[in-house]
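Down below are the structures I want you to see.
Two complexes are shown next, each including subunit A; its partner changes from subunit B in the first to subunit C in the second.
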Partner chain A sequence: MRPELICPAGTPAALRTAVDAGADAVYCGFKNATNARNFPGLNFTPEELAQGVQYAHARGAKVLLAVNSFPTAGRFDLWRDAVDTGARLGVDAVIVADIGVAAYVAERHPGLRLHLSVQAAASSPEAIRYYVREFGVRRVVLPRILTVAEIRQVKKEIPCEIETFIFGNHGLMVEGRCSLTNYVTGLSTNMDGVCSPAAQVHYDKEPDGCVATRLGDFTIDRFGPDEQAGYPTICKGRYHVPARDDAYYAFEEPVSLNLAELLPQLIEAGVEAFKIEGRQRSRAYVRQVVGNFRKAVDQVLAGEAPELADLVALTEGQKQTVGAFGSKKWR
Partner chain B sequence: MTGLAQAKSGAAGAGRFLPPPPLFLLQPILRRVVRRVAQLHPNLFDRLGPHCNARFVIDAAELPFVLLLVPDPENLIFRAVSRRGEPESDARIRGRFFDLLGLVDGAEDGDALFFSRELEITGNTEAVVCLRNALDDVEGSIAEDVAGLFGAPGRAILAALRRAGNRRGKSR
Partner chain C sequence: MSGKLTLGPILYHWDADAKRDFYARIADEAPVDTVYLGEVICSKRTPFFESHLPEVIDRLERGGKQVVLSSLSEVVIPRERNMMRDFCDIEDHEIEINNTAGLFHIDGKKHRLGPLMNVYNEATLKWLSGKGATHVTLPVEVPRSVVGGMAAGARDQGVGVEVQVFGRASLAVSARCYHARAHRRTKDNCQFVCEENPDGMPLTTVTGQPFLVVNGIQTLSYSYLCLVEEIDDMAAMGVGHFRLMPQDIDMVAVAHVFADRIEGRIGGAEARARLEAMNLPAPLSNGFWHGREGHRWQPRMAS
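Coming up: the complex of A and B.
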């Protein structure tokens, strides 16, 4: 079995870059709240998606449309339109999290492949089988909380494909349930599609060269002049807590997932697709990460030891981890 | 997440890279450059959305001046301003010259420069994220488009700058 390499595309140029660098499929979203990377200046218009689908298909690559945020009452039309438009433009699958959206795809577009987003946080065979049975889900994107041994076991108990993250953001909250941003900014990662909206992020340079990161009214970190930085997300902030003298990373340090060294084990465990996170990243990131993983996956499949370029310069906080995939004790 | 952010304040001090040029000589060149980019990449403005009226100050640490950019298709402004008379801005982007060139060239990742503190952003973060995404969606290289404006000498200068940038990247 040859696993697919699923690559991020935040813009049409990034889509073309990913395809040219060896992506088997790219995933992308529309310029609205229907996907979990609803960032300013990012994503696709229907016209851009049509051109992207054409470009990818002409080169043998697939396009997966992320419609993976959760509609609230009265806003379902936006999600329905996203699905209908994707189907009309010939995307190869839609990635959904909400059961209403999943049901809509299953009923109205029974021929359209349905993938279950990591945002659905389905990690048990029972939950995954439910989605397969009720909506005909063909692939589940697993949350980043399972060890390779657990993935191998899950694979034996489910009748659908598995996709795992192999590089990028190291999300640890129960996916699709985190309300930290909502608490601070009033906007929801899961329903508005944006964590730490840029309009509410401020970097204040202090006279001593430190930089304070503020989200809304809250200071969430302060970097010394020579410290590495991370994303301005609450989960990667440093806080004063009664049990500690210094401010510390109460949830998680700025660190990125990099499973390059586990590729052989993941392939052996039966993982059908590897996902690279980073629709908010640049073409330079896409070119470098996709190119490197393309080579590494092909080498593993050819029975060779993968040569892995050092990608640490691209990682958050300039640090990488195999996270829970290696052990449940990564912190 | 927004991506992008803040640079080492210790980036090379202002003015170590070039002798101060008479700014009035630079202005017509910069005007030509920005008009050319706008002409070649009209879609760029769509990604800027409401921020096309924003005033960006771009501070390449080694240059003796800063650049003021207002990416308004109706009234494009791109001009050099002396550091002493830096204008009010909505957002300020500071980094080393070669890193900023790499960003415009599609060769550098803005988030990675942020993580390593080589890129500094203050002011309206959303406007900067829009500008970054707009520039990153430009196919090919804006730097090459600009160099092409000046024919063979322009391309030779860009090639020399890229070589110098690569040497710097390797020695980093």
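Coming up: the complex of A and C.
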């Protein structure tokens, strides 16, 4: 079995870049709150999506539409329109998290392939089987918390395909269950598709040359005069606790997920699709990461050892991890 | 004004004696209608209190409280999967589900939906009520307008609506234990260090701002969410149940303030003044309700 490489398309240009670099499928969203990367300058108008679908299909690639935030009472029409528009434009699947949206797709568009977003946080065979049983979900995007051994076990117990993240931002909190950004900024990850919004990011230069990074009213980290200040994501900040003398990364260090070395094991475990995170990233990033992973996946399938030396430079803080996938000790 | 006062599950790792003492006092003295019982955060903690549960349930019921049992919120490893399966077989009490794995088992049997179930809209609520959900506690982050829409939708479905009105707001859960990490341990060899922080382990920013608290795999607000002044507004919209979350403070006194407010014996300003007079260990916040940053306190507009 040949696993698919699923690549981020934050913009129409990134979509074309990813397809040209060897993506089997791209995923994207509309320019509104219906997807979990509702960032300024990102995403697609319906016209752009129509062109993107044409471009991808002409080259044998699929387009997956993320409609994976949570509609709030009174706003359901926006999510319904996103699903209807995607279906009309011929997307190959919609990726959903909300039960109401899943029910709508299953009822109104029974022929449209349904993928369960990581935002649904389906982390057990029972949770996954619930969505398969009720809505006919064909593929689950697994939360980034399972070891390879656990993924192998899950695969044996579920009647649908598995997609796992293999590269990119390394979320620490259970996706779809995090309100940290809303607590700090008044904008919600679940309801607005926003995480650590740039409009509320501040870099405060201090008299000694240090830089404190801030999101809204709260300091997320402080960097020395010679350090490069990282982006203030709440779960990647340094904080004080009574048990430690110094501030430390209370949740996780600013590292990126890179499962290149685990690709053979993941394929053996039965994973059908590998997902690269980064709809907010540049075309250059998309080109390099997608191109490298295309080569690596093909090498593994040919029985060769994958070569992936070039990717470390692209990762956050230029440090990488296999995160939870390697061992339960991560927890 | 009408409405029922409820006490949510204890989220922190209190030792068994502390929990028994706490619930004995709640049974005898707290004017709450419903008490949610059960370990929601960490499956490793459950053995400590399991054997005491029947006695505590009995004590609470003799005190006139309705007892609802709450499930785990994270279900990953085999032990947790088995716990969730067995939990859904409970027949002698109402149950509150906090993870989708429970929905798989429950299939039509009556149940409540906890605040981590992501019920944000009428379509989701309608679907779930068609599968046996009788009651929902809304996510802590939803603003007034959404609560209003949900209350109207729930009325159509005959579903009870509950909103957290007091206590630290749950902001995130994870597979990783941050309590263990703070002590340079992992979840598997944590030695239950979370017991050292019965009101959560405070995280302070590098510029000295109290920010969040950690409770094992859970991250909560440092501030105590407080909607005592908004209760009349909520009741008018159709919210019928008001949830207090247990903190390591005099919860009986807190319950009396909220009960007095619900019964109309005191106004919102007086209720808030009484809470503030308790010298709570953290500031109050109500930003989520007002569609603002959750940590904020939005003063009540003069009407």
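Some notes on this structure:
The definition used in the following text is that the second predicted complex is superposed on the first by the 319 of 331 C-alpha atoms of A that agree within 3 Å, B and C clash if a C-alpha of one lies under 4 Å from a C-alpha of the other, contacts with A are read in each partner's own complex, and residues count from 1 in each chain.
As a convention for this text, a contact is a pair of C-beta atoms (placed from the backbone, for glycine too) under 8 Å apart; a residue touches a chain by one contact, two chains touch by 3 or more.
As the structure is a prediction and not an experimental result, all values here were calculated from the model.
Shared-chain residue A:Asn190: touches subunit C; no touch with subunit B.
Of the two partner chains, subunit B is the only one that A:Val201 touches; subunit C does not reach it. Of the two partner chains placed around the shared chain by superposition, subunit C is the only one that A:Arg129 touches, whereas subunit B remains out of contact. By the touch criterion stated above, A:Gly209 is placed in contact with subunit B alone, subunit C being left untouched. When subunit B and subunit C are set side by side, the one touching more residues of subunit A is C.
Of the two partner chains placed by superposition, only subunit C is touched by A:Pro71; subunit B is not. By the touch criterion defined above, A:Pro232 lies against subunit B but remains apart from subunit C after alignment on the C-alpha atoms of chain A.
Touching subunit A in their complex are the following residues of subunit B: 1-3, 5-6, 8-10, 47-49, 51, 102-103, 106-112, 114-117, 120-122, 124-126, 128-134, 136-139. Contact residues of subunit A toward subunit C in the complex are 70-76, 97-101, 103-104, 120-127, 129-131, 133, 143, 145-146, 150, 172-174, 176-180, 182-186, 188, 190-191, 212, 216-222, 235, 237-244, 247-248, 250-252, 324, 328-331. Listed in rising order, the residues of subunit C touching subunit A in the complex are 74-77, 80-81, 84-85, 99-101, 103-105, 116, 118, 120-128, 139-142, 145-146, 148-150, 152-153, 169-178, 181-183, 186-188, 193, 201-207, 209, 211-212, 214, 219, 221, 287-288, 291-296.
For subunit A in complex with subunit B, the residues that touch the partner chain are 10-14, 16, 39-42, 169, 195-199, 201-205, 209, 211, 213, 223, 225-233, 254, 280-285, 288, 313-318.
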